[in-house]
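First up is the structure itself, then whatever we jot down about it.
In order of appearance the chains are A, B, C, D, E and F, and numbering begins at 1 in each one.
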C-alpha cells in the first residue's frame, strides 16, 4: 500500500485534537487541529434574530471564515486592509453556514441567533473541513448555553444530528484522505465532503484540478470520506463528553 | 411518470437556444437561453498575459459572472452601487473559470488572455449552468479569432474537449433535470454538474437544502446530469457549425 | 450634401428599433437600438416610496445606467469589481433620472417608486440618448402596470408628455445628428439634447471638445436635435401602440 | 425692473473677490468669492505626466472639486467617511477639468501635469462657476511658475484664452444671472455656462427643473451669461495684474 | 539662548490669530492660524443625539479632522478619492473629540449633538494642536447658539473649562515649543499636550522619533507645554470676548 | 494597601506567559498572555524593501494589529466585512510599529522587511501593550532567522535594545498597573507606556477619561509603568533563552 510523505496510509486521518471551551468569552468554542492546520471556532449566542426573520418563530445560524495573514507559509494581505473579502473566503463562509444549518432545527432553536466564527490560526490544507468539524462542537456548546440560560426550551431538540467534513483527493491516481497542503497542490481531483453523524451527505464538492474524473473515481473518494467523517464523529463525541469550563451568562 | 408544472418529464431539458455571435464587439459571444433564463456570454481576447504569468509560455482564461438588477422577479441593488461583490457572484465566477480552464490547454493557447463575461439578462433558475454552456461557445470563437489573427498557432489544439453544465435536484423525492426557479426553491437536494463532451466530470457540487441525501440519490442525480449535458453538447456543436458574422480584428 | 461613413445624410438618424416588453420579469421594459448601440431598459414598480418621501403623497422615479464590460470595442473592468462607480456612470444615471422626472407628475403617481435600469449591452455612441428614449417606453408600461394593479388611480395623468433624446455634434465644421462612436471621437462640439414630445427642451448639454463654439453653431445643433427627437417620438408611439405580452402582478 | 431679495437687478453679478496667491504652498492659488460662496482653488504643478501620456510631448490638466462638510446650511457627511464620491462631485470635477483644458495648449505645456483643487469653504449657490473662474487664476500662476522654473519654454503660449463661468436661471418667468442658493432652489430652469475670454462657449448645461423651456428662453439665458462672464473676465485680469507673493520652487 | 530658524526663542509660540465666526453657515466657527498653519474649525449643532444615546439625557460631541490635498508642500491624494481614511486622520479626529469632551458636561448639554469639523487649509506643523485650540472657540459659540435657541437651559454650565493644545519637541537636545514642519521632521522626541484652562492635562502623547527619552526630558517638555497653552488660553479668551456676527437659527 | 478584584496589589502585573515559536509557519512568533488577554504575534521576514525605500541600504519594520470578532465579551463585526479599518485599529497598528522601530537599527537590518502581525485571540484589557511585548520576541526571532539564512550580516547589531509596554491608570484615585477590562472602563486616567530594556521612554500616551490629571498623578503612573516594564523585560529574556523549534527557510 502507498505510504505518504508524512507516513500515513491513504485512508488515514492526520492527528486530530479538539480543545473544547478554548475561549472564556464565547458561549461555545473549540480550537481544532488536523495535523498542522489549527482553527479557532467560536459560537456567539444572541437572543433575537435579524429583522427579516423576526416573528417567524425560527432561529438563525450563520458562519464566517477567515485566515490570519501569516497562517500560511508566506504572508497574505489582510482582507480588512484590502477593503474587500475575497471569493474564496466568501465561498467557505457560506459552505460552513450551510453545513451547520443542515443539522439544526431552527424552529426548536427559537428566535435566537448563533454566529460561528472560524479563524484559521495556522493553515496546512483542509482548513474548511477542520472549521466545519470544530464549529459543530462550538455550536453544540452555544446551544447548551442557550438552554441553561432559558433562551431555548429545556426539551427542545435543536440538533438533529452531528456534522463533520473532510477533504479527499486523487494523487498520482491514488484516492487519499485528509490532504495536507503539499498533497493538495498536487491533487488531480480535489473533493470536500460534509457528512452527518448518521452518514448522509450534506455537501459534496468535487473539482477536477487536472484531468476530469469518472464515476468510479468519484465513488472511491466518497467511500474514503464516509470512513473519515465517521472517525471525526468520534473525536467530536469525545470532546463533548468532557466537562468544559462554563462561561458565565 | 411525473409531469412538471411546465409539462416536462423529469429527465427533460427546457428549450435551449444559442444565438452565437450576438455581439459585434467581442471576439466571441453567445446569447444562450435555458427556458426563461437568458445569459449573454462574451469572450474578450487579448494578446499577452497578467504580469504574474509572463514568460511562462502559457495563456490565461478567466470568467466573471453578474446579473442585471432586474433579471429576477424583484429588483436587486447593483453590486457596483453596493461597492462590493457578493459571495454568490464570486462563487459562480470562480466556478465558470474552473470549468473552462478544465478543457483549455494553456500551453497551446500561448501567452494570450481570454476573459469570459457572463451577464444574466433574465433569470429563471440554472443561470450558472447556462453561463458555462454558453461561455464554451464564446470561448471557442475567441480562440478561432486568435488563430485567424495569428496570435495562436494554426495547428495548436487549444481546446481539449467541450464542456457544458446542468442543474439537477430532488423534488418531492423525484430526481429532476434542469430546474427553473419555482422548482429550485423547493428542491431538497440541489446539484450543479459540469461535464466534458466526452462525459467526464469537471465539477460536482451537491447540496442538501432540506434533508441530507444518500449515495443512491447522488447516483440518480449524476445519471440525469450526464444525459442532460450530452444533449447540451449537441446544441453547442450545432451552434458552432453555423457561420457567425466575423468580428474584425 | 455631405455623406457620412455609414451612408447617412447629416440630419438622418441611424436605424432605430424598440423591442417593447423584452423582459418577462419587469413591469415595463424595452430593448432599444440606435444602430449598433443596444440598451436594455427595465422599469421596476414598487408600492411605497423611500423613507425621506413618505407621507408627502408623491411618488419617486429614479434611474441607473451601466455598461456591460464588453459592450465596447475593448473590455472595461466592471465597476462592481473596482468597488466604485465612475463619474461618467453617475453623470448619465442622474441625467436619465432628471429627463424622466421632467415628464412625470409625481402627485398623480402617488406613493409609488419606479426604478429604471438602463444597461448598455452594446455601445456604438449615443448610449445615454438611446437609454432615455427606451426608458420612456419602459416607464410608460410600468405606469400602466401600476394602474392595472390599482396602485395608481384609473384616471390619474401620470405622464405629462413623452421624452426622448439624441446626440448632435459638429464634425469637420458640419453639424450632424446621432453620432456613432467613430464620429463622436472626432466631434469638435458634442451635444446631448433631451426634448419632450411637444418639442420643448428638458436638458441641453453642449461641450466643446476641440475649439469653443459660437451661438450660430449652437442654434444649428439644436435645430437638428429637435427634428431628430420628433422622429424618435414617432418610434416611441409606434412601440406603445403594439400590445406587449403582459407581465403578471 | 424686477429687484431680487438681495437687491440686485436680474442681470447683475454678486460681489466678486479674488484673493490671488492665498496659499503659500501651491504653485498657483486663488480664494474666490461670489457673494457668500467661497472657493479655495489651488494649482499643483509637477514635472512629468501620468504613465498613459508619457512620451507624447503633451501635458495634462485635471481638476478635483469638493465641499467642506459644513460649507452648507446643514452639515453633510464627508465623502471620505462615506468611502465613496458622490455623483454630483464627480460631475463637477469633470466639468472644471474640461473647462480648463479647453483653453490650454497641452503641447505648449510640455510633459507637465497641473492638478487643480477646488474646495468649497462656504456654499451659497454657483459653487461650480466660482470654482472654474478661480481655477483659471490659479492655473495661470502655476503655468508662470513652470515657466520661471524652466519646465515650460519661455515663449510657449500655454493659455490660448481665459475662461470663466456663471449660472443663469429662470425664476418666476424672469431670466436671472448668478443665482444664490435661495434662488437656485426655486429656478424653473437652471443653466451653467462656461465661456472663453473671447466670448465663445466651452460648455452649456441647461436643465429644466420645473417646466421644459423653449428656444427663446434659452437664448435669453445665454445672453445674460455672455454678459456676466465678460465681467468675470475683468475680475480675472485685474487679479492677474497684481503681483502675488512668489512661491519658492 | 538658542535662536530658531524663524527667529523665535525655544519657549515662544508662533504668531497666533483666531478669526472667530469665519463661517456664516455654521453655529460656531473659527479660522485659526499658528504661523503658516491655518485650520478652519466649524461647529454644527443639531437637536437630538445618535440612536445609541437616545433617552439618556446626555449630549454628544464629536470631531472630524481632514486636510485639503494641497495644504502641504506637495499634493496628497484625497481620502475620498482613495475611498478610505488613513490612520493618521482617524487618530487626530479621535484626539480632538476626546480633548473637547474632556471639558464638556454632556448632561448640561442635554440631548443635543455638536460635530466639530477641523479642516486644514494650510499645513506647517502643529495642525492637530491648532485644530483643538480653534475647535474650542467654535464649540463655545455653538453652545451659545444652542442656548439662544432654547435647546440648552439658560443656566446650564456646559463648559467646565477651556482647552487648548500645543506641540513640543527636542531638537538637537533642546526642548522647544510649537514646532513648524521643518523642526517637526528633525525632532528626536515629539509631544502633543492638551491642557485645560486651569492647567491640568487632558492628553499627553509623547513619541521618541529618534532616541528614547528620559524622565528629565519629559518634564522639561511638559513645562514648556503648560506655559504655551496658558498663552493660547489668552488668545481664546480674547477671541470669545469680541462680538461675532450672529448666525441665524 | 488596596486589593483589586482579582486579588492583585496596585503595582502587580497579571500572570504573564510567552509561548515562543507558537507558529510553525512564521519566521518568528509568540503567543503572549497578560491574564485573560491573549495575542498571537507573528513576524514575517522578506528579503527586499518596499519600492519607496529601495536602494537606501535600510530595512523596514511595520506592524498590523487586529482583533478576532469574538475576542471580546460580545461579538464585533469583522473589519473585512465592514470594508474598512476602524480608527482604533489604525491607531494601535501605528503604535506597535513605532515601538518596534525605536529599537531597530534599520541600517543593520539591511534591505529586508519584517511585518509583525498581532492578532488578539482573546481580549481582557491591555491588548496593545501585550501585543508590543510579544511582538518584540517574534521580531527577535525573525531577525535571528534572517541571520541564519544570510540575509543579515553575522555581526550586525540589529536590535539596539529590547522594548515592552504596559498600561497604567488611576482608579478611585489610586494609580494601578496593568488594567484588565473591568478596571479599564472605570479608570479616570488611562495611560499606555512603552519602555526600552534600559528604562527609557519610547512612547507615553496618557488620556483623561474622567477628570483631567496633574503632574503628580502623571509621575506616579510613570513610576508604576517603569517598574512593570522592567518585569516584562524579564519575561522576554526568559522566553528568548529557551530554544524554540526552528522554522525552515
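Heads up, the rule we're going with is that a residue touches a chain if its C-beta (ideal position, glycine included) is under 8 Å from a C-beta of that chain, and two chains touch if they have at least 3 such contacts.
Fair warning: this is a prediction, and the values are worked out from it, not measured in the lab.
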item: Chains in simultaneous contact with chain A and chain E; value: F
item: Interface residue identity across copies chain A, chain B - same or different by half; value: same
item: C-alpha-based rotation, chain B on chain C, 0 to 180 degrees, nearest 5; value: 180
item: Between chain B and chain F, centroid-to-centroid distance (C-alpha), Å; value: 51
item: Centre-to-centre distance between chain E and chain B (centres being mean Cα positions), rounded to whole Å; value: 59
item: Between chain F and chain E, distance of the C-alpha-averaged centres to the nearest whole Å; value: 29
item: Shared-contact residues (touching 2 or more other chains) in chain F; value: 83-85
item: Contact set on chain F toward chain A in their complex; value: 23-26, 29, 36, 40, 42, 44, 46, 64, 66, 68-75, 78-85, 89, 115, 117, 119, 121-123
item: Complex contacts: residues of chain F adjacent to chain E; value: 84-88, 90-91, 93-94, 98, 102, 161, 195-196, 198, 200-208, 211-215, 218, 222
